[in-house]
Structure formats: C-alpha cells, structure tokens
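Chain IDs A, B, C and D follow the sequence of writing; residue 1 opens each chain.
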C-alpha cells in the first residue's frame, strides 16, 4: 500500500483532478493493451499457484477501485455483480473473504467479455467520482486513486510474467507477440567496478511523490565502503558458471538452495532449453536463441547468490543498491521500450548502467520493515506489511515494468526460490 | 477397446459402409451438440486431475480416428498439425508419448476454434476413407470405426460429467442449460425384491454386435441364489442413512472408506449443499432443491457399500446384476431423454426398474479380466486391460449415456473413491 | 477374525482346555524366541508406516488377549496399565480409540522390559482363566483363545517381515541371525504344467478346525479348465525378465503399476542390490549373493502380473489355486525350517511343488467377500471384513509362516504395491 | 563455525593445553550426564525431521573431533568403524556424503553401547593428541578443539530440546527427570521500558575469546533511538493475547504465519494443553500446571511477532538487542541452574532482566551475513554461512544453554515456524 509522503489538508485543484483522470485512463488502457494479443483461452489459465489467469488480473484491478473508492465514496454506486467482491478480492482478509488463490484457474465465468464489461462499469463510475468528488474526502480519494493506479501498474508487470508462464507450459512454444522490438547487437566489456565510501546514508523515500508504505520511513543506515559492478551479469557469464559445474558444487550454495536444485533438477535458469544446436530461451516472442550479451534473467535468489560466490563477489544489500542508484537517472529498458525481454545496454553510461529496467536485481537483503514502519490504516494496510517474512528484496524494475512506476527507493520482493519474474543480478564486493 | 465378436472375412457391403458413415456423422454431431451451450472459457478448464478440458475431449476423440484410421489407412493423409499426435494422445504409451494428463488444463492453444477445425479436417478425411476404403483392410477399418464411435460416445458422457464438475467449482453455480427436461412428479413405493435361482450362468458378451474386449470371452459362473431390489436407492432413503449417523459409524465402512470420509470430511453425496432451507444439489441446470424421489447419485463405492450395510443388504456382484439384466429391455433415462439428471421411474415395470439409465450402479466386484481374456492387438490393446487394478465395476449406464452405447454386458469401472460420475446403487441380498 | 465352523453347545472337556493352554504357551514362547536376537534399539523402530516396532507387536498381541478375553471373562482382572488399551489397540475402532498407526515408532515408553512384563502379566492371567473358565462362556472363551493364537501367529510372520525391513534401512546391512539354515544346492528343471478340468468346485473352508471368517462360507464356483506351473518363478527366470527390458516395456504393465515403477524407479525386486560383482539380496542373514534357484521374492502384485504377461501366462485366480492345493499335503519351507528365506525345492513332488511355504503367491483375485459372508459379531468383526477393498489375495504361506497356521483355504491379502512381505508368484494359463 | 579473533602465531603453552584438555573432559562429561536419565529406547527416536535421536547426537559430536582433529592430526589414528564417517556426518557435503537427516531414526545400530564405545575411543585419542600435539599444527588444533567443544555445547541444548520433543509425543507424558529445581514463587511487575539513544554502534564480536564466524566481522550499524522491555513477555500476558482472540485476528499476523496457524490449528504455544482445570505445559518434569509468571516459551517467530503487534509494540532487531546486552552481566537461568524450564526472574536488576538464559528471544532480524563476512576455510566453512536464508535470529540463550556458551554477540537462528526450541520474546518500540 502506498502513501503520499505529505498529507494534503487542502482541496485538490481542478487541474489536479483532471490530470489524475487522464492518468487513470492511460493506465487502464495500458492493461487492456497488454491483453489485446491474447486469445480468450489464454485468459483462463492458472499455470501454477503463483500465477493468476489474465482475466482474473483484469477483474481484480477493477475490484480494487470498486472496493476502496466506489463503494465508500461514490454515492449511489451499484456494483455490477455482488459476487465479484468475493471472487476478485486477492488477499484482503479484513475486507471480505478472498476467493482461494489456488482456485482462480477453476472459474470459467464470469468470462472475458463479462470482465471487460466490469472494467467499463468501474471506469464509468470512476469518471463520475473524479469529476465531482465529495469535498471532505477529496484528498483521500486522490491518494487512493494514485494507489489504485500504482497497483494496476504492478499487475501490468504481473500480467506479462503470467502470460509468459502460461504460454511456456505449451510444448508448441506459442508467441505472445511477433512484433516485439529486437535486441540491439552489442558486445559487453568486462565488468568494471564503481566505488562507494562508507558512511551514514539516508535510505527510504523522502516524500514529494508517491511511494509505497514499505519504502518509508526515511531513516539512516551505516553502510561500509563497497564496490558495485557497472552492469548486471550476462548470459555469457552465467554460462561460464554452468560450464564450471556451478550447479554441481555444494560449496557454492546456500543449504536451502542446494536442496532445491537437487530436488527439482535445476541446472540452468528458468525458461532455458538446450538442444543439439545450443541454448534457447522461451520469451514473449516464442522460443529464441539465447542472447549471450543480455543480462541473465529468471534466476532464483539461490542461483544469484551461488553465482556471486562463484565469481568471488556477493550480492549488494538493498541499502548499497539504493546508495548507488539514488542520484542516477531513471533510464532503461521498460515496458514502454517494447522489448519485453532484457537486452544488453547499448549506450555508455557514466554511473553503473542498467540499474533501472531490464532485470530486477536480487539483493542480499531480506524484506523486513524499516525502523518505525507503519502500514496504512484499515484493509489497505494489508498491501505490503504482512508479506515481510520469507522474502528477499529486489531493486530497479525490469523490461516489463512501466517506466513511471519505478524509483530508486522501490522495494520489490519475492520468495528466494521464485523464478518466473524477470530477475537477474549485479555483483558487489568489499572495497 | 472393443471387438466384433465374429471376425468377418468378406468385404463389407456398400450399404454397410453407407450406414456406418451416417452413424459416424450422427455421433460426431452429438459431441458438438453437447458442447454447444459452452462459453469458450468453459472449454479450457481442468477442474481436477481426473477431469479434462472439454476442448481436449473434442480434440482427443478426433485424434483417435486420426491415429488408428487415417494415418494407417488413408493414403496421402496429411495431419493438420503434427504436434496434435502428442497433445491429444490420452494414454496410449505404445503409440506416442502422451501429453501428461494432469497438465491438460495448462494448454490454451490450440484454442477452441482450432479444435473444431481439427474435427472438420478429420471428418473430411474420414468421409474420404469410408467412401472408398482399401479393399484388403475394409473389415478392420469398419471394426475400428465402430470402436472409434463407441469411444466417442464414452467421451460424450465424460464431457457431461466434466462440464458439471467444472461449473460446480464456481460459487456462482452457473447453469449449463436452462431448458433441460424436468423430473416427473412421482412417489416411490417401498423397495420390492426380485428372486433369482442359483445356477451356472453364462456371463459376458455373446457376439452379434459390438462389445468391448473386457466384456469377453463369454464364460460360465456359478451364482448362488440372490434377491435384487426393484429400483435404485433414492435420495429420501439416503437421507435416512445420513440422519441415522451413517457417516459417523465406523462399523458401517470399509477401512479405506472410513479413512477417506474422515480425511475429507465427507458427510453427504458429492454436489449436495445444505443451507437453512434444506438440501440442494448442483445439477446441469444449476443449483436445485434435492429431488427426494430420484435415485441417489454421485456417491463413491465406499458410500454405496456403507449404505447397503446399514440397510442390512449388500451390493450385487456384477454377475448377479448381469443375470438380472440380461433379458430386460434397454429402456431408461439416457442422454437422449434430455434430463441429464437421474429421475424417479414413472412407469410400473415387470422386472427390476431402471437397470439401464439414470445412475450407474456400483457392484461388489473388482474390475478384473474374465477367464481367457485377451486384449486387442497393438496400441488398441491399451484400451481396457491395463486398467484392471484398483477399480470397481459399475453397470447399466446413466442419464448422460447415449442409449445406443449401453447393454447388459457393459462393464464400466471407476476407482472406489470417485464421485463425479453419475453413480448410485441398488441393493441385493442372499435369498 | 476366525470362527470355528461348528458352534459347540457343550462344555469343553478338561483335556481340551489343557491342550489349549499348552498351545497357548508354545505360541507365546515362539513370539519371544523370534525377538530374542534383537537389541533393545531394534525393538523401537518403525521403518515405514506399514511396519510396526517389534515391541509394539509384542505388546499388541498381549493386548488382544486382555481386550477380548481377560477384561470380559476373568473376574477381578486388573490391567497392568490402563493406558495400554489405547496404545496397543491396532485398528478396532469400535473397541477403543486406536493410537495412530503411523506414530507407533515415536513412543519410547513403555520400554522393552515393560512390554515383557505386560506379557507375563497377561500370561499369568490367561493361565488363571484357562484353568477355570466360567462355565457359561467356556465355549466362546476357547473360540477366542484360538483366534488370539492365530492372531499371534500372524504377528510372528509380521515380526520377521518388519525386523527384516528395519535392518535393511541400515547401510551397515546388519544380520538378524548368523546361524540360519543355508539353502540346499539344487538346480531347477524347466517349469512343467499340471492340468485341471473345468467344473463347479467347492471353495472356502469346510469346517472341522479353525478358519478365519473371510474363508467362509464354503460355496460353489465354476472354474474353467486351466494349467498351473509346478513351482514358483525363480530368481534366475526373473533375471531374464529384467534382462529383456521387463521394467522398461509399458505394454507389460497394468497402468497403476507402470506409474508406480516410473515414480519410484523400481527396476528389480525389493531388497535386491547390484554391484560390479552381480546381484545381492538383503536377507535376515544380512546381504547375500542372490540364490538363482530360489523363488523370486519381495515383488509387488504389479511385478508379478507383468512377469506373467511377459512369460505368456497369467497369475492364477484364488479359486484355481485352491482347486490345485486342496488335496495337497501341507509340506514346505516354514518358520520352523529356520531358513527364513525362500529356497529351491529339493525333493521331487507328485503335484505342484511349494504350494505351501517359501513365498506367498500373488493371485489374480481381488480380496472380496465370498457370497453370504458374515463377519464376526462385535469388535472382532473388524478383523478381516473391513479390509476388503484395494487388496489382492495371496495364497500358501511363506518361509516366515508358522506351519500350523496355514491351510489351502487361507486368504492372505496385501495392497498391490506392497513388497516387504515374502511374496512371489506361480504361473497359470488357459488349458 | 567459530574462529578465534586473533590467530596465534606462537605455540600454545603447556598450561593452555592442559586447561583445554580439562575443559574437553568437562564438556564431554556434561553431554553424557544429560543422557544419563534416558532409557535405551529413548535414544533411538526421531520424533520429527528436525529432531535427531539422542544416540545420534552423542555419536555426531564425537565424529566432529574424529573428522576435523583425529584424522588430520593424530598420526596412526584408527577409526573404530569406517562407516561412522558417513553415518554421523550431519551436513558437511564437502567432507563425506552425509547420511540423510530424515532417516536418522531408522538406524537401530550402532546401538547405544556402541556409541558410548565410540565416544571413549575418540576421548582416548583426543587425550593423546592434546598431550602431545604436532608442533606445526598446535595452534590450529587448539582452535579446532575449541570449536569442537562449542559445537558439543550446542548439541547439549539440542539434546534437551529433542528429548523433550520425543517424550512429548507420548500420551503417557513421561518425565525426563523428577528432581529438577522448581521455579521460584515470584510475581512480575508490569513491564518497564529502558531507553537507548540513536547512534552508530559497533556490532559483532570484538575478538579476545571464542566466537562463531557469523558473529564477525565487527562492524558499524546506525541504530535509531528505541526502547526495550525490562523482561520477556510472561505466560500470563500471553494468555491475555489468547483471550483477546489473538489467534483469530488476521490483522495481527504476517501472511505466512496466518496461513500456518490456520493449516495446523495452532491456538496456543507448543507443549500447552488445556483441560477443564486450566492450562498445562509439557516440561522435562512431565506435564505441569502452567507457571503464569514464567516467560512464555515455545512460540514461533510468527506468534512472537503477532503478540508484539497486539501489544502495540514490536520485536527488537538483533542490533538493538546487542546494544542493550553488550554491557550487561551474563547472569541467568542456564543449563547449570537445573531448572531446564524458563522461570520468572526473582532478583531486581538494574538493566533489562533475563537478557541471558531462560528463553531465546526472537528478533525482528533475518539471519544474514554481516558486511565483510567470511566463512571458515574448508569443510568447517559449512558450519554457519550456508544457513543464511529463511531463518530469523534469536539472542541470549535459554535455560538449556550451557552458561559458558553464550555471549552478547551470539547469533542463534531458526526458521520462523519452529517451536521446539526454548524461544520466547521481549518487546521493543520506537522511543
């Protein structure tokens, strides 16, 4: 759940409302554009418990506006279907009983058309609400709309992750889109290291724009001197790790990771396939030859950690990463770049390249609250805080993240065994 | 797999071929008619490992004709898509690698339209083959077409079972069809018993029409004298069993059944729901008040067996059932009657009523080979024989069985815990 | 649970009681003799859910006498410890709550010494009861003592099965006894077939001695003509099946069996090990070179069934087996022969050899009730009947069965995947 | 694995060796004293995968000396049994193949007597080694002996945890020792808060004595101002949480914890039992009425975290805990106090009471490496570092910890769901 760092006492100006409504329409349209290449059948499938059917995503992000804005604030609002409050609640236990997550793929109806009808219903009502919000709640409404849009942007990335996973189950290797932008032809140089001095740093969001609650409060951390690699680890480098027996040497692995790769027989990143002609990777353009210069992607935390140990380095902590990223421009390969696949950086860069976009970077830090952390009030307080156990932090966004959604203080988090997100790594080491 | 009891040496007459082609078209059309009320989304879902997505069923029954007729016998036949041979092979290990059963619901493509295109492709080619079959294979071709049609009829029942299961996952209780024929208003009399004398009986198919291999060879069994109830157990009677603590008395249950009902908390037949107004049942017309006079349905073998013990009776063996059914007319509530739900018998009957149709009747017999059993040659030999372990025999067909598909010697089989098929029971006892 | 075929109205004579008490002491002593070679630590372990710790066996067979004889019939009987009624009840749901089977290996106390003290306590009280039984219950008491002794004999075989399994977990391959009688040096001839005519046969126990309820009532079955092999399948023959790819050919297997051997990677009987010098077998004398002439042992029903199919034959039904065994002398390699391992038959035999002893022979028959079957009254009715689901019948006893315990009508049963019992097979075929 | 902060270049003096040998004997004797009250049967049981049979513990801690000292450094050392190197290796993948952890309870032999013989064998050889260590390795030998003793002390606590767990499986509630020291009669005051100022603190071990590698390197952390409670949460306070519906309010729980308590039906700490007379707790003295003043114990991290949230506070981070503990005397209720159960503090205390002993205190910190962390070289490097995933840090030792084993920088760690260790909590909050 997010908050605006400074609560606004005054009424929002008309221009602000107008701008918000415009953004609302843009963000909502983007979700539908992401789904446009799908067949109806694609919308229905839950290919593993962590994946949701695309039609569920589309409905759930509308439910969010209905549950937290339309029902409390739009006078006379009539839900399209009362059952949706149960069906499309993801995990807000204090709001209503969520429909069981693992059963989302068992529900054929409401169908895709119904879901789009639900979206239109919500969009019309949201338009009404934003044109003329009740005065006394206007600030809270704007705050929640902002949160709803950020939430929808998160689901845009999830949609792409899940679509990729769904299509990847299919031995026919179907293509999501055949018109994606191809990777540039680039050859990486060897990794170079950037140095950072020890000191007490401010970490967390400083206010002045949207941030999720878990990025706050801004606080101080002492960071020892360290070095950070100028780019993520590439597929070529990761292949050296594999060739050197990386998946067969217990000394490189955390104990949990070693148990995992032996249980499941992992010996390469997720989505990699090998045949007699070499390595291929399942992408949103179908099965493609592995791009050796691109950042390695779809690795678990355990694999990232083992690679770093093999390379004589380590993963950066999230504080180190933030120290390095804090004054860097937010440039990179995002959703809007239309690769939908990490690519090698083509342009020289003064600081570390590709901190933003391409691949989420696993950090060495467990996802835990910052000192003084307070979740949002009410059901929205379930957004982030209750997941602060058993997960590792990733930073920087990826090729499926909307550009406007990311920032240096952004904390993403996944369980260490997860691989279907666009996750890679960057090396750090002691100075 | 079936066989024609007497191999025909001579060529089939033109009229025979013509008739077969007509039947082919009818049977094929019925499968599509069954699916007509579905939305595309309904076609995709595998609601449990034993259920297959309707589009998979539609494709698989075409695959059967392709694999066992078009590829071996139609010169110049070109498959629509080579991958289908893998995707739509159900379990014929000696034919090609079957796509894993539990993953059928993870494959969005080929989509529904593609599947219908595949059906048309196969139908066209089958028409070609049947108009002018290669002389030396004509008898075998006719035998296999017959088998393919019987196979498709089995899947028609499976389609209805699976559609019911898929829709039943949905808390909205969607309706498959709202125009199904309603149940007659009837009040059952008390059960009456029919007597059968001891003796050596011939059991199994006598030839002169289609039968599956597992119904043969016809052989002798000694059957002790017994009595058989004149109708299946009704919902009203089953409610008395429940009211009498039937699900709480370990002495009524087989040990495996007792463990099962305690593990899963079963306390009523599958698809039953209770609220403050009484009992309801999920049907293909949606959630409906329980019809007290209708045969109890969707019970496991363990429940059937426990009910019979509670009632001071037992289940009939399959030989006893066949002795009773062998000279009875094949009348009953079948697919064609368009109830798609068991109903009480409305017409008095000289012998035991409802032996055919309404509900499959669990027998006391494990599904094992008859003395001298020989499976069909080649991959078709995998049709029945390899499942002769861990399953119980059911007899008589149900409200979702095509009428032409059933006969007195027909052996259906399910694992004793299964409940999504239309299965009920009829009592027997020692004379 | 067993019954004496003819209920005796009169009082048992003193000599009968005296003889029963003598047998009681012998049977009880045998159980302790079986455990004598154990270390205390061996008594505690439950090496899989189906195995029970030896000290549990020893206590449970005493519990049986306490629960079904001492408590109901010995005036003033005081249990040694009231908790034992719960701890050592195996599965009699209608008697008291059984301690969960899978947790028997979690209970260190009562310890081994306590268990022996419990046995002595029960033995003393049983002596008292049998010297002077209450007149009106004397016949029932004798019936139950007989049942208790048969029960204890079953557990003698179970003790040896479980001790073997427990020691086999240990990479040190410990030896239960190093003084077991070695196998004779014999070379098997090729299998010869015995012929049996079709007809109506009487099957089941005829009375005139002890039998379990499941062996009754005696009834008629029609059996088609068949042939039965003159000896069980040998290890040498089973090795040919393995060498011929028996474990890699799906066409030889029942579907459940094929899934099983692929899931667990089975490629030989249980307890077999291979190293560069050839095949070894874990035995109660520790790891030993495989005896090629001995009957193959520790195979599942699925393996027995697949072997038979590979050999162009099949397993006999239990009726066929009983027809062949009914007039054969009960000679063979039993517990008392002190091999505790199946061995090749060394003496020529007029009928089929080794029907009794050496290995239990898997039959083609599911374990189901005979026509007219009635379980014993009360809790003792849980002895057999409730297990008549999901199991296959085995016949003839094995090298760990007490000789006096077996007979031609004896029906043993195990789930088809089980392998830790001494189970092999004999071939049958159509005449 | 531990290290001595300053590597010693010079040879150890004779007095040092003598002292070490004395400590060696004392520590070794303590392990055996802990096991003295056990019956042989108790030594064998593995009551859950995380528990090891006591005889395994006793053997494993000897194996450690054999593997890392006797084999590399004692010339002519002969292992008692070569198989022990495999059987008693816990998890050192780079040393030899560890025997599977979950199967430790399946091995009856070597038996208890053999294990004590193994200990004597190792003790004799260690005596030999320490009387006359090879000069060039003397410093490393002393370092490793120290580590071996620390390792054995850890297993002393584990032995008590595991013995408690083993006996607690038994419905008879057996007593480990009936002569344990009783709890003092004390009434707790309300919690008081100690204040700590913000600042950059040094965290981690400063050298000058033994520490495990994970306590190093000493480094700086910025800690915001905070308050810490003057004692752990008591059973009485925890009962208020239960009475207030603590286990039924999803808003108090981390998502993983909520799923866990619903799956397993947890509604009180581990080892608590309730009957009509109130709450009892299984202890090493058997089942005892709950001591309301004693620190709550055997709670998971999730329960500790939920309690803290309910109480309007939070768990301290491990840095906060260390800041508070660093200058406190190491006094408390340890193994040597012979309660083997947490008790209320009976003596007023200037700083926070009971930081050491009684219960390990869950912290808010995930167990991750300190900046610049380097594991030990070789197999000993597997001691700590590879577990730095999925675990939370606990601080301060407990009533089963040897007093000499604990210190302010000591980092214990368990997975957040674990409850069989003596773990409680202390509250912290923002100043």
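We take it that a contact is a pair of C-beta atoms (placed from the backbone, for glycine too) under 8 Å apart; a residue touches a chain by one contact, two chains touch by 3 or more.
Owing to the predicted nature of the structure, the values given are computational and were not obtained by experimental measurement.
With every chain reduced to the mean of its CA atoms, the largest distance from chain D is reached by B.
For this pair, chain B with chain D, the centres built from the Cα atoms lie 60 Å apart.
Centroids of chain B and chain C (each the mean of its C-alpha atoms) stand 38 Å apart. If you average the CA atoms of chain C and of chain D, the two centres end up 47 Å from each other. Listed for chain B are no residues, as none touches two or more other chains. Taken as a contact graph, the chains are arranged in a single closed ring, with each chain touching exactly two others. Chain D makes touch with chain A in their complex at residues 91, 93-94, 200, 219-222, 224, 226, 250-251, 253-258, 301-302, 305, 317, 364-366, 368-369, 371-372, 381-382, 386-390, 416, 430.
Considering their complex, residues 39-45, 47, 55, 83, 86-87, 99, 103, 105-112, 166-167, 169-172, 174 of chain D touch chain C.
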